[in-house]
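Presented sequentially are two complexes of subunit A, the first with subunit B as partner and the second with subunit C.
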Partner chain A sequence: MSWKLFELLVQASLYTVLISFISITIGLAIGIVVSAASLSSQRALSIPARTFVSFFRGAPLLVQLLLIYNLLPALGLNVPSVVAAIAGLSLCTAAYQAENLRGGFQSVPRGLLEAADMAGLSAFQQFRRIRAPIALRLAFPSLVNEAIMILKASSLVSVVGIVELTRMAQDLAASTYRPIELFSAAGLLYLIINWLIASGGSLFERSFRWGRP
Partner chain B sequence: MTTPAISVKGLIKRFGEVEVLHGIDLEIPQGQVSCMIGPSGSGKSTLLRCMAFLEEATEGLIYINGEPLGFAPGPQGKPVRLPAARIRAVRSQIGMVFQQFNLWPHMTALGNVSEALKTVHGVRKSEAEERAMLQLKKVGLAERAGHYPSQLSGGQQQRVAIARALALEPKIMLFDEPTSSLDPELTGEVLNVMRSLAADGMTMVVVSHEIGFAASVGQQIAFLEQGRLVFAGPPRDVFNKPRHPRLDQFLDTYLDRGAAMLA
Partner chain C sequence: MNFDTNLIVSIMPELARAFGVTLLTWGFGVIGAVILGFMVAVGRRYGGAWLNYPLWLCVEVIRGTPFLIQLFLLYYGGPFVGISLDPIPAGLLGLTVYGAAYFSEIFRAGFEAVPPGHVEAAECVGLNRPQIIRRIMIPEMTMLVLPASVNMAIILLKETAVLSIITVPELTLVISAIGSQQYAFVESLFLLALFYWGLVELSGRLGRFMEVRLSKYRFVTT
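And now, the complex of A and B:
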């Protein structure tokens, strides 16, 4: 395989990384809100949150992407297809991350919040200073796992016309008749990126051990 | 007559069907150490938690320095729940120390003690840490300020928890079995901090199995059994013979826990 082809794949993989990174970040923000809402004692908050989770976790991502891609123009929103792709990935990962975080939030010992009550922290201050940091720490390994899943799932956005790593490999394979080399190279690139995510995750995890060995 | 630090009026607490407190009336005097003793399941911890509004009374009212906490008497005699900000304001007069310490694991000792000063009271970080340091010095842990809870012994963690409560300058300190989850050799350091706090004239309510502490430091003793206040009074009335038969029975089981001096 020529150096030129490999360069095209690397460029496309940067696009994969960018789309995934944006989606994971947006998904985390939505996921925090959704997990907090799903734990709320107010049903007006918890029911929509749980419905959101069951929809985006229950339907295949491919279907969601095609739906959003076709729905937005039908609603009169003519946005570039990359927006539809990021929207689909973000909403899907938000549902999974919300569930991971919900587990984290539920594992925060009740006593820590009672101590915060006694120290005068308001519900929001408790969320920001006590619950969220501890829940994030507890959910972190599953969040890294989710990031890896999304990076791989981003190959699906090729269906809405985004030329990311998988699509680029397909296109190049079609024009060069060298599918084995191209898909091997694409697979290797995914592997490298995910290895980087996993290593970054463990490094980050080590930086907040809070004194544990 | 001065307003009691805490007054409990007709407190009934039910958990579902089970009634654990059957109508408690109790006044905690200012500037004294009040100890609540009684067998496990007698409701003493629940009573203490109601005083801090960590448990909501099913019926009855709690007053902190004359102000209602949680619920206030309503127009038709039915108590009305006070707004969260009001609850926080009244509760700010109380500091609480828990059996399980409940230190925030993601903050150092200094972070735990300075947190509420920064977050709730808007004190500048440098000043909050200076004040927190002062409290850590008071409990003898200045050199452990940078340690996380997981790097401290149980006794040290409990002393940090006391410093955390004291940093907010409460008028009343509540202790919920502060030494019950400590190894016997670590209880002393916590009890010593509590003794010096008592010597400074802090109003304290202590739920404890440390009968020795109750007898030597307590100025008021309340004995609970099966959700009822059997009696309350100064230690000489409570511990000196002839004793209330139920207390006598209770103390018998605690002779090996420091009550031998009372036998």
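And now, the complex of A and C:
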């Protein structure tokens, strides 16, 4: 396999990283809202949130991607396929992250919230200053795991025609008749990126410890 | 949209076959993955460094790469090294190997959770290694690994949808084909998603029910 092919794969892997990163970020934002809603005492909020989490964790990601990819044009929204792909990945990861964050929110010590009440913090201030930082810190290891899952799952967006790492390897394998080399190289790139995420995550995790702001 | 009963009746046999393929690949995939994963876990624990490190590398590679890449390597790369498989066997093999990597980690954690004192006691009364695995390790770890195993089995159910990409005629492939023939792609995909959702919820409930029923056999309390 020539360097030229490998270069193409590396470029495509940057696209994979970009798609995954955007999806994780959007998913985190949605996940925070959904987890807050699912913990709400108002059933009008908690039931839809829990249904959302259950559905997006229950249906296969491939089916979700195909559905969103075809649903958006059917609703009259003509968006580029990459937007549909990011929407699908974001919704799926939002459900998983909401579940992780729910665990985080539930483990916030009650005493801290009572102290915050005593100190006169409003509900929003409590969320912003106490609950969200602690929950995010507790859920951080699972967030890193989720980032790795999404990076691997992003290979599925190749089926809606986005030329990321998997699709690039597939196209090159079809034109060069060298599937073994190309798919192995693509796998190696996924491994390297995952390793980077995992080591970056544990470095970052070490930099904040429990109880420190 | 008009509702056509004849259409639904006419596609029923095809749907039933596709559901059969999904259940078959899932069922045999999980069984194969559990057996292979158990063998890997035992090999890593008792096989010495020469077996442990290569197996560790295999597990890490499989866990670190997308399932789709592994399937492509097997299905499109296989014929170049003399492994020409039809879609269903290729999908089944891919699912088994993929699942085995994750199951081996579950079982490894299970082995580690068995108190060393129990194993030492078994050694003292003269049990040999296969007996220790069969009489002490497996009974004690089964309850511990059950929740994670049920979870993994459910993940594998969802991964069977990916097999449609290498043209395994399972539900996702057949339903999207019917959907595009009948110009009802979005509707059929939506029903498909709901169906998988129901199946996953059902399996999860069944798993939790099993855990509760079997919890009296819990040997190790941690």
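The criterion applied here is as follows: the second predicted complex is superposed on the first by the 209 of 213 C-alpha atoms of A that agree within 3 Å, B and C clash if a C-alpha of one lies under 4 Å from a C-alpha of the other, contacts with A are read in each partner's own complex, and residues count from 1 in each chain.
The working rule: a residue touches a chain if its C-beta (ideal position, glycine included) is under 8 Å from a C-beta of that chain, and two chains touch if they have at least 3 such contacts.
Note that this is a predicted model, so its numbers are computed, not measured.
By the touch criterion stated above, A:134 is placed in contact with subunit B alone, subunit C being left untouched. Judged by the touch definition given at the top, the superposed model places A:76 against neither subunit B nor subunit C. Here subunit B and subunit C are compared by how many residues of subunit A each touches, and C touches more.
In the superposition on chain A, contact is made by A:123 with subunit B only, not with subunit C.
Of the two partner chains, subunit B is the only one that A:114 touches; subunit C does not reach it. Against subunit A, the residues of subunit B that register as touching in their complex are 52, 54, 84, 88, 91-92, 94-96, 98, 100, 102-106, 108, 115-116, 119-121, 147-151, 161, 164-165, 168. Only residues 54-55, 57-64, 66-67, 70-71, 74, 148, 152-156, 158-159, 166, 169-170, 173, 179-180, 183-184, 186-187, 190-191, 194-195 of subunit A touch subunit C when the two sit together in their complex. The touching residues of subunit C, when paired with subunit A in their complex, are 60-61, 64-70, 72-73, 76-77, 80-81, 158-162, 164-165, 172, 176, 185-186, 189-190, 192-194, 196-198, 200-201.
Taken in their complex, subunit A has these residues touching subunit B: 109, 111-112, 114-123, 125, 129-130, 133-134, 137, 208, 210-212.
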